[in-house]
Amino acid sequence: METFNFLLALLKAVPWSLALTISSFGIGALLAIPLCMMRISKRAGLRAIALSITVFIRSIPPIVWLFFIFFSFSEFVVQLNAFVAAMLGLGLITAANLAEIYRGALQAIPAGQREASHVLGLSFWDRASAIMVPQVFRYSLPACSTYAIGLLKDTAIASTIGVPEMAQVAYQISQQTFKGLEIYALAGGLYLVISFAMAWLSRSVDTGLRARIER
Amino acid sequence: MNSMTIENHNSSVHPSSDTILSIEGVGKKFGTIRVLEGVDFSLSSGEVVAIIGPSGSGKSTLLRCINQLEPQTEGIIRVGDVVIDALHAPSKQQLSKLQRKLGMVFQSFNLFPHLTVLENVSLAQRKVLGRSKREADERSMQLLTRVGLAGKAEMYPSRCSGGQQQRIAISRALALDPEIMLFDEPTSALDPEVGLEVLAVMRELANSGMTMIVVTHEMRFAEQVSDRVVVMADGRIIEEGPSKDVMRNPKHERVQKFLTAVRDR
Amino acid sequence: MNDLLSNWSEWLPELFDGYKFSIQICTLALLWGVPVGLMLAIGTDSKTKLLRIVSICLVELGRGAPVLILLQFFYFGLPNAHVSLSSAAASILALGWSTAAYTSEIIRGGLKAVPAGQREAAVTLGLPTMTAMRIVIIPQAMRICLPPLLGFAMVMLQTTSLCFTIALPELVARANDIGSASFQYMSVLMLTGLMYAAVCIPATVITSQMEKRLSKHI
């Protein structure tokens, strides 16, 4: 009976974990676009700045970013609630990682296509929207979904700044009932189930897209 | 799939007392794709046989079936007292016995890049034949000297040219004292002049009495060094006989066309 | 600015102490995690069904569960099974399992990348399978794996920061202590971040140089 209550408590926290995953991913996916464009810019200065930003973000542990944003922003700028702080921190890290994925996908598009569309007289925006973006989307999807599944696991870190997602709930219950074995096994299992669901979803989308945009 | 030279075809399956290898009805399919069909072939001790033919004729596949890198899907392969039947998967002991009798030289050499030349040649001697390090290294140096590469013993393969690497590969195979040496297009990945070094080694090996099966595009080698030439096309043997006969007066029209095309390039 | 620097120099010794802990735990986790990762890489492709299933389970669990959950499972959970681990032991076990799971995938990729001709040469020379793996295939695979493994080592160093939740006195734990004592969170966290970056950024540079050099050989 107690196990059932544990499970219920964890399930109530799932929306938080998912919300954090989706919102961080969304922010990161958007921010990654200008970052990626800087990375492939013709101007060496922009490329260097983008590279430095990316490397810097990825060289600092997520928990430090979250603490920094949560404690320092709150101190000096504006009182952020834990969810927003976690969303911003994870979003920042996601942006750095997705920019690299986008870049890889862009490089996978044969150079001939860029040349052909140039010669056809398509404007930059036409080229970008009609030719590049759909293919970048298609080619980066596998890596992006793999990253998203990793991001779900990273949201557990938000438990350290008090976001009531799955890891937080597990911790609270373990401290209150001293039944750590059970609760953490349940929590771990739940993360696995959600990861498998996400992986299945991304495979279906990928198969669907394959039919439309063949390599 | 028209006339096969029947007399030559049958005369190849002669159970003479020094038959060291025989293949009966060997076929190979990869899924639904047929690569070899109805191949009958035998080899006597000390014979050098060249297998020639257009690309895709199944020559390499036949060689790879002989040493079971690919198991055949039909037919029987006999090497000495080891019999491998397509219907029964060979045991580990059988495979191991087979490997001991056969030495193989690959088109892409396949030397171990992270070991020195000497280590490449000595490794199998120590691990398979159980020779001591000293014994193995001595034998390795003998073989390397024989192919003129004793000076390269302590170097890594990447520092050797293609022709040198292939000669080292030959030494590596010879170090295990095989009964039969198999060569899978040994010079195809080499520049023509460099290929000559390798062919010289192979010629010397043939003259010393080694039993060899050589899949090759080198027509002069086929004519001058080998005793017998086997011509394959579309997965079958279409002509076979003493090398000078086949190379100069081929009976089969397809073989005539092939040889003319190759000679006139 | 002077205040900042003087604070930093004041805090540095303690943070350094914590960093040493982080590096030790990371090293120990890698030391046992990577060899197990190699075993799992071989095990997941094994022909023996039992071995294959066990290996796949260990990999999926080690990769599928958040590291934080693994850490807290070993530290807060195992006492229920009458196994009490110190925070260091729990950290090394949990991080090692995570390492084994992730590196098994990296190493599998490396094993597949060794040219097929190498295996064929070993077979035709009659080398027994285990010997061929040990002397021919694995050394070449590890060379190929080196850049991604190094990258993973850096990720693992950053992951030690999570051990702060199970009372390990590593870098972030010390930073947190200083922060709560001095209320200068921003300052101490900046220094902490820089300390991680000081190791991870050069490592990233070295890894990409290595990758460039390796791809030249191919």
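Labels for the chains are A, B and C, by order of writing; each one numbers its residues from 1.
What we mean here is this: contacts are C-beta pairs under 8 Å (C-beta built on N, C-alpha and C of every residue); 3 or more make two chains touch, one makes a residue touch a chain.
The structure displayed is predicted, hence computed values, not measured ones.
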| item | value |
| --- | --- |
| Which two chains share the largest set of C-beta contact pairs | A-C |
| Chain whose Cα mean lies nearest the overall Cα mean | C |
| Identity of the chain that, by mean CA position, is farthest from chain A | B |
| Whole-Å gap between the CA centroids of chain B and chain C | 47 |
| For chain A paired with chain C, centre-to-centre distance based on mean C-alpha positions, whole Å | 21 |
| Cα-centroid distance, chain A relative to chain B, in whole angstrom | 55 |
| Chain C residues touching chain B - in the complex, by the definition given at the top | 115, 117-118, 120-121, 123-128, 131, 135-136, 139-140, 143, 217 |
| Chain A-facing residues of chain C, complex | 60-61, 64-70, 72-73, 75-81, 154, 158-159, 161-162, 164-165, 172, 175-176, 179, 185-186, 189-190, 192-193, 196-197, 200-201, 204 |
| Residue ranges of chain A in contact with chain C within the complex | 55-56, 58-65, 67-68, 71-72, 75-76, 153-157, 159-160, 167, 170-171, 174-175, 178-185, 187-188, 191-192, 195-196 |
| Touch list for chain B against partner chain C, complex | 67, 69, 96, 99-100, 102-104, 106, 108, 110-115, 123-124, 127-128, 158, 172-173, 176 |
